[in-house]
Amino acid sequence: MHMIVRDVLEAIHRLAPSYMKYDWDNEGLLCGTMTQPVTKILVALDPFPHVCREAKEKGADLLVTHHPLIFQAPKSVTDKDMTGKSILFLAANGIAAVNAHTNLDCCHGGVNDVLARVLGLAEITVPSPIGTDEGGHPYGLLRAGLTNKQPLSQFLDVVKERLGTPVLRYADGGRPVHRVAVGGGSCGDCYEEALEAGCDTLVTADVKYNQFWEAQTLGLNLIDAGHFYTENPVCRVLAESLRQKLPGVEILLSESHKDCMKFA
Amino acid sequence: MHMIVRDVLEAIHRLAPSYMKYDWDNEGLLCGTMTQPVTKILVALDPFPHVCREAKEKGADLLVTHHPLIFQAPKSVTDKDMTGKSILFLAANGIAAVNAHTNLDCCHGGVNDVLARVLGLAEITVPSPIGTDEGGHPYGLLRAGLTNKQPLSQFLDVVKERLGTPVLRYADGGRPVHRVAVGGGSCGDCYEEALEAGCDTLVTADVKYNQFWEAQTLGLNLIDAGHFYTENPVCRVLAESLRQKLPGVEILLSESHKDCMKFA
Amino acid sequence: MHMIVRDVLEAIHRLAPSYMKYDWDNEGLLCGTMTQPVTKILVALDPFPHVCREAKEKGADLLVTHHPLIFQAPKSVTDKDMTGKSILFLAANGIAAVNAHTNLDCCHGGVNDVLARVLGLAEITVPSPIGTDEGGHPYGLLRAGLTNKQPLSQFLDVVKERLGTPVLRYADGGRPVHRVAVGGGSCGDCYEEALEAGCDTLVTADVKYNQFWEAQTLGLNLIDAGHFYTENPVCRVLAESLRQKLPGVEILLSESHKDCMKFA
Amino acid sequence: MHMIVRDVLEAIHRLAPSYMKYDWDNEGLLCGTMTQPVTKILVALDPFPHVCREAKEKGADLLVTHHPLIFQAPKSVTDKDMTGKSILFLAANGIAAVNAHTNLDCCHGGVNDVLARVLGLAEITVPSPIGTDEGGHPYGLLRAGLTNKQPLSQFLDVVKERLGTPVLRYADGGRPVHRVAVGGGSCGDCYEEALEAGCDTLVTADVKYNQFWEAQTLGLNLIDAGHFYTENPVCRVLAESLRQKLPGVEILLSESHKDCMKFA
Amino acid sequence: MHMIVRDVLEAIHRLAPSYMKYDWDNEGLLCGTMTQPVTKILVALDPFPHVCREAKEKGADLLVTHHPLIFQAPKSVTDKDMTGKSILFLAANGIAAVNAHTNLDCCHGGVNDVLARVLGLAEITVPSPIGTDEGGHPYGLLRAGLTNKQPLSQFLDVVKERLGTPVLRYADGGRPVHRVAVGGGSCGDCYEEALEAGCDTLVTADVKYNQFWEAQTLGLNLIDAGHFYTENPVCRVLAESLRQKLPGVEILLSESHKDCMKFA
Amino acid sequence: MHMIVRDVLEAIHRLAPSYMKYDWDNEGLLCGTMTQPVTKILVALDPFPHVCREAKEKGADLLVTHHPLIFQAPKSVTDKDMTGKSILFLAANGIAAVNAHTNLDCCHGGVNDVLARVLGLAEITVPSPIGTDEGGHPYGLLRAGLTNKQPLSQFLDVVKERLGTPVLRYADGGRPVHRVAVGGGSCGDCYEEALEAGCDTLVTADVKYNQFWEAQTLGLNLIDAGHFYTENPVCRVLAESLRQKLPGVEILLSESHKDCMKFA
């Protein structure tokens, strides 16, 4: 059975339906042709230039990512920005690019369910659902779940060990950790949602100065565990899901993509 | 002297400075790399897919057009629309794309000066200038000029013969032709400007039903001479200008690009 | 039974209910008094000044049109634009003006059903409905239907002959004509809708340069058969509908209103 | 010398130049034809239906007012609102309508200079100018000036007597009256401007509940002397100005226009 | 049973649910702490500085008003405006502020039901409902009801006597009073709604010049009975409602708050 | 000489004039009364609740900060957010709050000049000025300057040691450090400005995932040295400036305010 890009996109949408994405978001086929044959797929968190090069080196004809190749719609496609570099390279090498972004964040079994499971949370719920799927299950960005009541310092060790983040940034809300909200990527502005859901701790990334202070003042532990480290775990799950749905297509996981952010 | 894309863009901007473009417009390097070497340029009105193919067939490494490759900033680059098709083809074949749009419409010696001259107008002015260039000369979209006073039917023959438009569409304002405003492309909504400039006739394209009626009611002859036919004459002038400014670069004029609109 | 303007408007709304109009549109009583007696109606496509004069000459006290007398809400009512001229004339002569615009485009039996029938299409559907009427039938702008499979050139002859358009403008999508979408007036930006509905051909008007190229590139035959010629057929149907609903009122069809756009 | 509407408009603009109006405002010829002959003008504060009738009864061919005939651009011209009633009547009777609104408020010798003079203020200034006229004089909405220091109760008597307002509404800011700001019509939101200009008292109209309280709290006497009574004095001045500039044209002042607001 | 602010707010919301407010409005706890104990409440129409002082003098720990303490969200909290003065005083004295604004206007038994009853109207309805409450009853701003058919002059006496307004402002629509719409506060732009509901008279406040004229022209009696006088009656009802729902809390009605607007 | 809040604000504005702030920003007196006497000032980066408590404990009557007490204009002043907590505390204790935000970032001798000097940069310029001060000097957000050419790792040590940031986050652009741009606080989106100014390195804070990647891809070293650590150095300079301008007023530097963000 010969696969084309459309088949892959349909497989992705069975996991992360298109209607679950936020209005401002971009997902689906963002570069290439819907009817292009697909024999080898590279799965990665981002469609950055070095990942595009890896796709070419490994002979992939399709790149499947979480983050969209195009976020701000571009007025030009040139090497003066990262998006232009990637599009020029992909097009020059006939590699298509497909992604699932906030639909993969929100869906059952997506970014945030994976993150909650990796952190060992139990009784996982969707604290502020934005809709209900065909099976009647709520979906939405955050997940909340229970861990054994423990001091914050102990939970920080758990996060570092499970996610592999070299250094965590955090604000201490002054409470032990028991009910934890998670939001992979940039959910630092969800501190009120986390509190309203009865959580004492929020794990996310890209947290800003004011968000740390607001959280600490309101008594919430706020942990920045890195955008890459909180979201990358979904790639393995996404790759496995595609392997099962697309027999005959080789599914590779990116080996070159690591976080570029270092600590000193 | 080895030329790169930046040199070509600077040559274009000496004719049609970037600051003359409208705010909503797009011009400059829209696809490729600023430092890419340039040995052969194809000049055409549009960066449509068949023109991109002609560029490849003729070995051009740069496509210079009037219309921008990207107008509405795209959320994806795929074959489901004309812009995506062109970008994918250009990037796949390493051909850069540069353009000058409303800056070429407005500048001295650009689209509308060429159109006015082709139509044989005398005492050409800029009836509604939007600025003044470094030399103190006004620039703007429309041009107005004089022709020998003649019946509309006679002037229609002139327009057809000079521009090569197979069939003209027009509304008869009931006055002989003497003072003519021209605006290549879609300037059908400039009928008030033309009247305020004392013109009896406006030559433009893409004219809509209401604009024909409004013009006729207000006593203006309004002639739709075709978007392609009113703007394409600038290509020869633009090519010649580049030839003089870029010695050593081969400058070709598109042979494949004709109007796709037919009459029956 | 003495009729007033309100009775006529209600008769129009039974054919083309007010809720079927687009949000940005204008319809209903746009000039005059709701309680004014009506004995003679002139039906025309447009409320342009020469049509208003015809109404006066024929002794009509009400003008019923498809296009609205007021589209862009005016800051003044003067003779410096066509709308002002018409309002001043109608008010000076005590003639009211009523219209049904996009509600008449979208309704069952309106502009586009008439257009599809005049072109001889079979199995007419509403390809992209925007709502459902009280009878549970979908309504919307476009209509799609089948014709005998034929070369484009043959279908162009059919269109010219049936609609009376002196000259057609078109782009050849490279496919024979079999499934045709129609949209009277300015529906040139509906080429994607037509393609998604499985059509090979779209008949509309006021088509712009880019729309011709986009259609041709995507393989759609796009025919500009004139705004007037694609919409005027509804007038006869509208007049007949009013005759049946308003016994005792004389219903005239405009004889003066022809397209002002000519070809050379 | 035969006058046309354009001559009258130019005469008005010599007093109240068009560039002095606010961006959102409407002024000039709002109904009729610029080249219509003018032999008799009715000057009034408003172009309301009963004033239009007075114009007809007195044989005026032009109505000159302060308030614009059209403020909110109308989607229809019918008898279901006051603007529609007036336009229908004027057009039916061939009477043109011209006005000067915020340009007459702001200009030297306009609404607010007249109001300040009627109230007997001395050393009149423009406290918050919005521009400078050709003569280098500032212009703007409010005027400020001095009166003999007096108790508020005494100044209320002056206002009533000079303007003829049957009943004043006011808030007592707790200070004697010495430096007074005036703004004819609806300037109740200018209380901060008045305070910053060092005024103890503001005379205007259409004052709202919150504005009374805000003024009283901040120590400003705020007097609502009626929209009609604060602006109508300009009509006599405007009429006189036209008489001098338009010899041979009969200039009448409205006798029918009184405030419709009564007190009980 | 010790009460806190949250208990009071819930009691208010049982009368005037939060979902009944308009989108642009502000209601609830606008100053202070939700868990602050409450033993004494001052109820008043407005949270103006003198009312805040009365609250302090009487030992109240909570101020309950109709109008919101914060309407336009402030960029600063200082004594240069009334809102800042009130917030600084309340915070300095530990007095919380809670309000119900358009939810109290719209709810069953709120501002406008009270106003209609005080004016003795019968068969009270909600002429233009904006929603339906849990009991299936419509809610909305205006109320309409019947009074004995009477001359306007007689009804004016009724309004003055029942509401205590020192002076009414009104426009005479030329019809006797029989079916009356009421809208406490600033509902002068509801004249069309009142007419469409079949009313001959509208009682409201803060009426502007144009609204008086529009109403008179369209045949509606429009009465401005004062913002304070049309809304203040709800305070007594609100206080009584809180007394019943909050046993053990002392509920005082403001004695200092009178209208600051005077007549001369 | 007795000082009031206005005197302090004028002293601040001599250093950081109000006109240098961005349009969206907030600065000046944000809580309290302009005429309140001032004897003791606490200077701190932020007006957070613990800083307000420190002000009270130390007997300060005025809090002077860089960040504004109010950023998003609040619809309520309660303890459910940090801003509300601070306002309630300040007002309850009669402490005024004044700040200089982007005007202090942009001015000569402000946040970014101090940051550049602390990092030992030489030949400091304003790479993208937004205006010119009275002395003809450009002002703007960023500063750029030279350091001895050195490996990135060495410069990271300098930054940590000079600013005291416990842990830096950074992306390695692959170039040695020589020309450095600095922007205290959240200037992560200025990477293009830094590159256009010829810089190889940008020091700022609150950097997001995409900004690290974009910088690295374009060859810029991007260092997040902490919002607190990059901006707090200005406080000492601001305090010293006030000491010189306000003799007789005691100026304290906050001792309680440390970054709440920790690393693990």
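Labels for the chains are A, B, C, D, E and F, by order of writing; each one numbers its residues from 1.
The definition used in the following text is that contacts are C-beta pairs under 8 Å (C-beta built on N, C-alpha and C of every residue); 3 or more make two chains touch, one makes a residue touch a chain.
Keep in mind that this is a model prediction, so the values were computed, not measured.
In terms of touching chains, how many steps apart are subunit C and subunit E, taking the shortest path?
Contact-graph shortest path, subunit C to subunit E, evaluates to 2.
Which chain's centre, taken as the mean of its Cα atoms, is farthest from the centre of subunit D?
Taking each chain's C-alpha mean as its centre, the farthest from subunit D is A.
Counting only Cα atoms for the centres, state how far subunit C is from subunit F in Å.
63
What whole-number Å value describes the gap between the mean CA coordinates of subunit B and subunit D?
The answer is 50 Å.
Between subunit B and subunit C, what is the gap in Å from one C-alpha centre to the other?
Averaging C-alpha atoms per chain gives centres 33 Å apart.
Hunt down the residues of subunit C that sit against at least two other chains at once, touch-wise.
80
Given which chains touch which, is the overall layout a line, a ring, a star, complete, or other?
Graph shape here is a ring: one loop, exactly two partners per chain.
List, in order, the chains that make up the ring, beginning at subunit B and going on to subunit C.
Listed around the ring from subunit B, going to subunit C first: B, C, D, E, F, A.
Which stretch or stretches of subunit E touch subunit D in the complex?
Touching subunit D from subunit E are residues 46, 48-49, 80-82, 85, 153, 156-157, 160, 167-172, 185-186, 205-206, 208-209, 212-214, 216-218, 227-228, 260-264.
Spell out the part of subunit F that touches subunit E in their complex, as residue ranges.
Spelled out, the residues of subunit F in touch with subunit E are 26, 28-34, 70, 73-80, 87-88, 90-92, 94.
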